[in-house]
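Next, two complexes with chain A in common: one pairs it with chain B, the other with chain C.
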Partner chain A sequence: MRMTNEEIIRIINDSLIKEFELDRTKMVPEAMLYDNLELDSLDRVDMVIVLENAFKFKIREEKEIRDIRTLGDIHKFVINKIRESERIS
Partner chain B sequence: MNLTVFPLLVIMTVIGIIVSVPAFFMLRIIRRMEPLVIIRLFVWIYGRAWLAIIKPFTGFQAEGLKKGDFKPPCIIVPNHLSFFDTFFMGALPFSDVCFAVRAWPFKMAWYAPFMRIARYLDVESASWEESFEACKRELQRGGSLLFFPEAHRSRDGRLGRFYSGAFKVSVATGMPVVPLCITGTGRMCPPGRPLLKPAKVRLKALPAVNPDRFPGPDGHIEMRKFVKALMAEEIERMDISHAV
Partner chain C sequence: MQLRRVAITGVGAVSPFGVGADILVESLFRGESGTVVVPELRAIKGVRSHVAALVKGVDPGVIPRKHRRSMSRMSVYAVLACREALRQSGLPAECLSGGNMGISIGSTIDSIDTFQKFFEEYLAEKSMEQMRSTIFFQMMNHSCAFNVSQALGIEGRVIAPSAACSTGCQAVGLGYEMIAFGKQDIMLCGGADEFHPLTTASFDIINAASIIYNDRPRETPRPFDRDRDGIVCAEGSGILLLESLESAKKRGAVILAEVIGFATTSNPENIADPSAASMVVCMKKALTDAEISPNEVDYVNAHATATIQGDIEESRAIHEVLGKDVPVSSLKGHLGHTMGASGSLELIATINMMNRNCVIPTLNLENPDELCKKINLTRKLEERRIKYALKNNFALGGVNSSLVLRRYENDK
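Take a look at the complex of A and B:
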């Protein structure tokens, strides 16, 4: 069944909150990963693993990951990735 | 307490700096010790002197920190409540320990030269790859690492979010993690408070956790969660026993 964008965003936020013990009130799309959510460079690597486990896809080789700065960027990236795989299948 | 501890701390620091210069060259020439090993030894002795100063006001107790309770090289992960937590590391059973800390301690003029010679790691300024390589080198030469996995001092006394660095190094190198539970330093000197107040301080090292138990690409994440849960449980127990 096709997930809505809202469902995808909820899964992303819940996964990140659970894995990185983040404050739910800070989970807004404009939140900067480093400055607002206080994720470090290693967390970015872990974030990829967390998202791969949550959505059962492989993204660690994707170049766009390097451009991610905000939580909204993650939402967009994952939504695009899922829609792309839906088109292919 | 403050009228005793702070003057003694200043005297101890000044004497330490003065004595450390000839002592450094003596140990270097006579014992042929590496500079970083000498400075780490001095830091450890400084911590021991701190424990002697502070004991009457804290009833300081250490558990699981006797020689042989855990062996180097290993990765020590204490919780973080106060600026003075690092001073209590004089209670560790060995001195060859590399502190992996944030950038600001390197800006303290009276400590920074010692930290640089001791090759402590500024994990905030360096990239993760640089820090990781430095950690591996340190463990390969037989030194131990000390990370505060929360990165910041806790503002409310509760165990904060754990970062993964220490656990990633453990899983990658096969070196065990030693959880070190601290209670009381937050009551003695919480963040943002300039003066000390008497409080019972306890340090308890838990049995070393082996990374072999956490295989796979997210092994370090599982290890981080496991160690945090162990520490949270033990700190709660220690806090309750304080209250009794």
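Take a look at the complex of A and C:
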């Protein structure tokens, strides 16, 4: 069944909160990963694994990942990725 | 020989009795045992020893995630023990930075739990896709030491001695030397280890683990006792904060004791068999370093793990160096063998014995072995003024270490 954008965002936020022990009140789209959520380069590596596990896709080699700066960027990236795979299938 | 006197101004412990040096020391004085039956061991084919002394009461969540993510359990233990030692020392925060405060903390092996977690996926799936970025940090040889540095912001030397059961004692000795020779002003020193069945199995396979008290865990291990049957594996971390006496006095710190001598030697005769002759050399060198004569030693805290041969060899060695009168006890009966942490945890207890004028007896020592009886084995709490104490650790793999403590007296 097709997930809504809201459902995808909820799964992303819940996964990141669990993995990185984040404060839910800070999970706004404009939150900067480094400055506001206090993540770093190691967390960025683990974030890919967390998202891959949550959505059962492979994204490690995707170039767009390098441009992700905010939580909203993650939301957009994952939504696009899922919609793209829906189109293909 | 030391160019500067070295004081101990803080201690911290995570042990089978819980988190905190006070809990450790009070449990030892009360004669409690940390040994329990571990069902996990019972379920493993080929492992006959089903007992261990496991740490309890640890909440890793008190360490911020950014620091905790690179830690296995043993690093968590070490960081909690370091925090306690720092608190007790009253050391101002500015001492941690600038490179004059260092770390000497080691372990017997790296985190087997972490290796296991990695290899479970690697071997089953031929995959590393789930490998987290911080797993390697938990496996590195100096994991405890650098995790302490990261978590506490310590900028000086970071060394991670590894000498099996001698690790904790050796780490304190090396820290003492760095301060004595002016290379560092302050050092956090000690050892840490976490329990894994591999350790029990390793001792069991060479017939050195306790196997006949599985239904009576509190009765084992039994150092120096006629009915001892081997070691009980344990875990934890013991940390001592060492600083130059000058620095401690200048800032008005409470001085718990002084480290005045240290030696570490090797027994190359056999990788597993203990040797009295080798132990004798180590103890004598420590006393020489401390510039005291054998008859000045008031108490020996023995390594004595309750193996058949190890206890006999150490008894012979102590008798040869110190004679028959000095009180000797082992704390393995209470704590089990905390491996890399044993030297430093037992040093914390020894400092307390000095300051309370009381010797803690060996737990479970009911009938001294005829071959250990030549020395004065303490069997009940004994009032005694201890000015000089000798701490031994003699490791599987052949590394010996002995450290000499002196009660702090301002006029020496």
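The rule is simple: the second predicted complex is superposed on the first by the 89 of 89 C-alpha atoms of A that agree within 3 Å, B and C clash if a C-alpha of one lies under 4 Å from a C-alpha of the other, contacts with A are read in each partner's own complex, and residues count from 1 in each chain.
Keep in mind that, in the parts below, a residue touches a chain if its C-beta (ideal position, glycine included) is under 8 Å from a C-beta of that chain, and two chains touch if they have at least 3 such contacts.
What you are looking at is a predicted structure, and each value in this text was computed from that prediction instead of being measured.
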{"item": "When chain B and chain C are modelled together on chain A, clash or fit", "value": "clash"}
{"item": "First (chain B), second (chain C), both or neither touched by A:F20", "value": "both"}
{"item": "Which superposed partner A:V28 touches (first chain B, second chain C, both, neither)", "value": "neither"}
{"item": "Which of chain B and chain C A:D46 touches, first, second, both or neither", "value": "both"}
{"item": "Those residues of chain A which chain B touches in one complex and chain C touches in the other", "value": "20-21, 38, 40, 42-43, 45-46, 49, 53"}
{"item": "Chain C contact footprint on chain A (complex, rising order)", "value": "20-21, 38, 40, 42-43, 45-46, 49, 52-53"}
{"item": "Residue ranges of chain B in contact with chain A within the complex", "value": "127-128, 151, 160-165, 168, 217-218, 220-221"}
{"item": "Chain A residues touching chain B - in the complex, by the definition given at the top", "value": "19-22, 38, 40-43, 45-46, 49-50, 53"}
{"item": "Residues of chain C touching chain A in the complex", "value": "65-66, 69, 129-130, 132-134"}
